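Worksheet for the structure shown next.
Going in written order, the chains are labelled A, B and C, and every chain counts its residues from 1.
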Amino acid sequence: MEFTVQQIADLLQGKTEGDNSVTVRTLAKIEEAQTGALAFLSNPKYEPYLYTTGASAVIVSESLELKKPVNATLIRVTDPYSSFSTLLEYYQAAVLASKTGVEQPCFIGDTSSIGEGHYRGAFSYIGNNCKIGSNVRIYPQAYIGDNVTIGDNTTIFAGAKLYANTVVGSNCTIHAGAVIGSDGFGFAPQADGSYKPVPQIGNVVLEDDVNVGANTTIDCATMGSTIIRKGSKIDNLVQIAHNVEVGQHTVIASQSGVSGSSKIGNHCVIAGQVGIVGHITIADKTTIGAQSGVSKSVKETGTIIQGSPAFDYKQNLRAITVFRKLPDLQRELEELKDKK
Amino acid sequence: MEFTVQQIADLLQGKTEGDNSVTVRTLAKIEEAQTGALAFLSNPKYEPYLYTTGASAVIVSESLELKKPVNATLIRVTDPYSSFSTLLEYYQAAVLASKTGVEQPCFIGDTSSIGEGHYRGAFSYIGNNCKIGSNVRIYPQAYIGDNVTIGDNTTIFAGAKLYANTVVGSNCTIHAGAVIGSDGFGFAPQADGSYKPVPQIGNVVLEDDVNVGANTTIDCATMGSTIIRKGSKIDNLVQIAHNVEVGQHTVIASQSGVSGSSKIGNHCVIAGQVGIVGHITIADKTTIGAQSGVSKSVKETGTIIQGSPAFDYKQNLRAITVFRKLPDLQRELEELKDKK
Amino acid sequence: MEFTVQQIADLLQGKTEGDNSVTVRTLAKIEEAQTGALAFLSNPKYEPYLYTTGASAVIVSESLELKKPVNATLIRVTDPYSSFSTLLEYYQAAVLASKTGVEQPCFIGDTSSIGEGHYRGAFSYIGNNCKIGSNVRIYPQAYIGDNVTIGDNTTIFAGAKLYANTVVGSNCTIHAGAVIGSDGFGFAPQADGSYKPVPQIGNVVLEDDVNVGANTTIDCATMGSTIIRKGSKIDNLVQIAHNVEVGQHTVIASQSGVSGSSKIGNHCVIAGQVGIVGHITIADKTTIGAQSGVSKSVKETGTIIQGSPAFDYKQNLRAITVFRKLPDLQRELEELKDKK
């Protein structure tokens, strides 16, 4: 996609300054931009880059006063940051929208239906009895098992796998390699020390506006549903075990894991590499620091915890400060004992 | 699949009470069940749900005395829990068994053989010189490299990848996205600070009844075999490095990692997010707590360890209790010194 | 592939001793080798195995004096270890080289080009506007999005996924299930507590000689590029977030994660399950111990750190030693207080 600076200026209701026939085809940071790129200047700290940037065009404030000559064509707007964000959204939407139609070969069961405006990439697979909404994009090599439901405007990237009976809402994004609905890790110990698999017949439900990162795994419930509620965002390589419930608008960063049957509240923030044991409840608006191990329920809204095992993050910070001085403490204690 | 309550009762050698023409098509917990579901009541604590459940039918004890009227049809049996477990197993077996035949397009090398009763999903790939047993299910987009052997009744879910020369036993389950046989992480440092890959020409052997979770990775041996012995169960997102041996009936929970050439015993239980360094040995029946870092061999059978680095779990628990009070300890020590 | 011992001896400029018509088809350790295998003896500690090995042939030093009769045919060379390494490299190169040609069905966009000597496996996907070099191997079910560039001699294993605009250098290896270029985890919190996705329009650049392990995830930059520089080696299940830069010849072991915009230096060694927070800089030649949590920049070249949070590894070791004795310290302190 290529646009003239004038077309961009019209879209943003801005005014051009310089050669308005110049064309741009990508967006970039002002300090990294090359020919063909459109950048923006909002923070005055970055103004020096305006005079050296390789960008073909730069969005600047209507009130900016130039201190030196500028090579790039300028687009003057009221709020450069907001205008640039708008363009970023247009850009990404255009890239996604450019994927439509059906590439061959791909597979869809006779009894499945899919709405208008969709994209099905080559080697994508849709089983039987699936109900898939409109404007859904299913990238190459994605797998949709039997009886899966998917809402409108959802994107399933290359090679993501949805086991049978998964329910996905509207406006969801599931990244490449994510696995939704694999068996929960349930094995009954037998008298001879071996393990017998406990059948896992539940499913996974992702509500609307859920984001699942690359190579993340979400197990189905033993019975019933593992649920990720509306608006929650899950990063790459996260593990969500059977029968877990993640509340609304909760964020879970990369490589964290939640064990079976735990319930995470709404608006929580869980940093990276956190582990949460099974069968506990985490209150709304809880914040959990990176690499924490959470072994008990969190009952109070707005709690902030850290550590392995995790406790109040301020107390943890103070304890860690002393931890580093432990050899000194030990020595001082020895000295005191010797003085007796 | 839909069954009448009478059909279920006949199967379980139970007696119906109420409308025995009612049909059910799924299994659910009594407190969550809806129309069309069959539930069970075993624990008396859940009896109140019997009078409010949406289930179409409920399996109850032959000796249960009703305290209120019940909407659901009852199936009276000797042991409701055991009867329900039986049904769960039938249910899951039926779902798996319903997958047979070959979907097109799929790929199989000329020199490979596969036994009776198998399922090969669309876009699945089987290389050359593979020997695959009977009743094996290979889901869509699974990859079986050259010279792979797979025993009877094994299931390879969608998009799992088995590199060339992998050996898989009977009754194994490999979940979506698991990678078996990728190169071990071996690089020889060169004089100029760069690394030269060490060729990895070994393979991976999974014995019978092994379970590998979604997106788990098991590297091939440098030479020889990385081995997972009979009956061991490995959860999602676990890393097993080159030349590791995991003993029989050992359980490894999600996001744990075992480094190169370590040997894990039989009947061990390794919790989530554990790290085990390379070239050590873990005795039989060792239990390792979540997020532990194991840096030394465990020599005594039945040891329980915890912590990073890990040591005796009771001592670890006591040390952690004091850790949280470190700022108090430091203050008390300062006071004592001042008193001198 | 099968070779006579004489053919091997000619290749290594060695001399055979015993039946030089014996054939070998694999390489193995002397203590594990079976019929058909070629082993080597370099370390005198292993000499006893020479007299019991099942190997068909063994590479030994030209100066070795036999103490007992040997069943295997011997190949005498100047340096057995070096000769065996040479054979290992030949072997792996031959296995890779045996994959050429195009298996059907596979998909390539009209506007993409690919060089000579390549392998494209069945169900592999190459989008539009891709430029792919010579001798590139793209295994079954691999995904190459639009506008991707790949250098010569690179191998993309089964089911690896490269999002649009990814740039991969020459001589790279990307293992099965790795995901390169998924969206960075960027969400702007809204007034109502929900999150709005921040468009991620950058890409990932892997320079030459980079190795990416199985099921590892590398996110694209928000704008600009996430970069892995020449010669760096990344193990399985590693997470590299948006806008990260990993320097040259740096090694990152399994299950480690680097958060957004952090810059890792050249020649660093990062052990397994390490977490590195966002927006920090790690100096060249830094070593980070397993399970460490790095929360601050490392400024000095050659620093060694450990712990969560990480600090000087020797100090950490000393603090941990005291940590284990904390209950004793507490008791001693109580006793001192009581004596007052």
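In this text, contacts are C-beta pairs under 8 Å (C-beta built on N, C-alpha and C of every residue); 3 or more make two chains touch, one makes a residue touch a chain.
Predicted model only: the values in this text are computed from it and were never measured.
Note on connectivity: the fewest chain-to-chain touch steps from subunit A to subunit C number 1.
Copies subunit A and subunit B of the same sequence differ in orientation by 120 degrees, per CA superposition (steps of 5).
Two copies of one sequence, subunit B and subunit C, touch each other mainly through non-matching residues, since under half of the numbers at the interface are common to both.
For the pair subunit B and subunit C, the distance between mean C-alpha positions equals 26 Å. Each of residues 105, 123, 141, 159, 177, 215, 237, 255, 273, 291, 308, 323, 325-326, 329, 333, 336 in subunit B touches at least two other chains. If you check the complex, the residues on subunit B that touch subunit C are 105, 107, 123, 125, 141, 143, 145, 159, 161, 163-164, 177, 179, 182-183, 185, 187, 193-195, 197-201, 215, 217, 219, 223-224, 237, 239, 241, 255, 257, 259, 273, 275, 277, 291, 293, 295, 308-309, 311, 315, 318-319, 321-323, 325-326, 329, 332-333, 336, 339.
Within the complex formed with subunit C, the residues of subunit A that make contact are 26-29, 32, 88-89, 91-92, 95, 103, 105, 121-123, 139-141, 157-159, 173, 175-177, 209, 211, 213-215, 231, 233, 235-237, 249, 251, 253-255, 266-267, 272-273, 290-291, 308, 320, 323-327, 329-330, 333, 336-337, 340.
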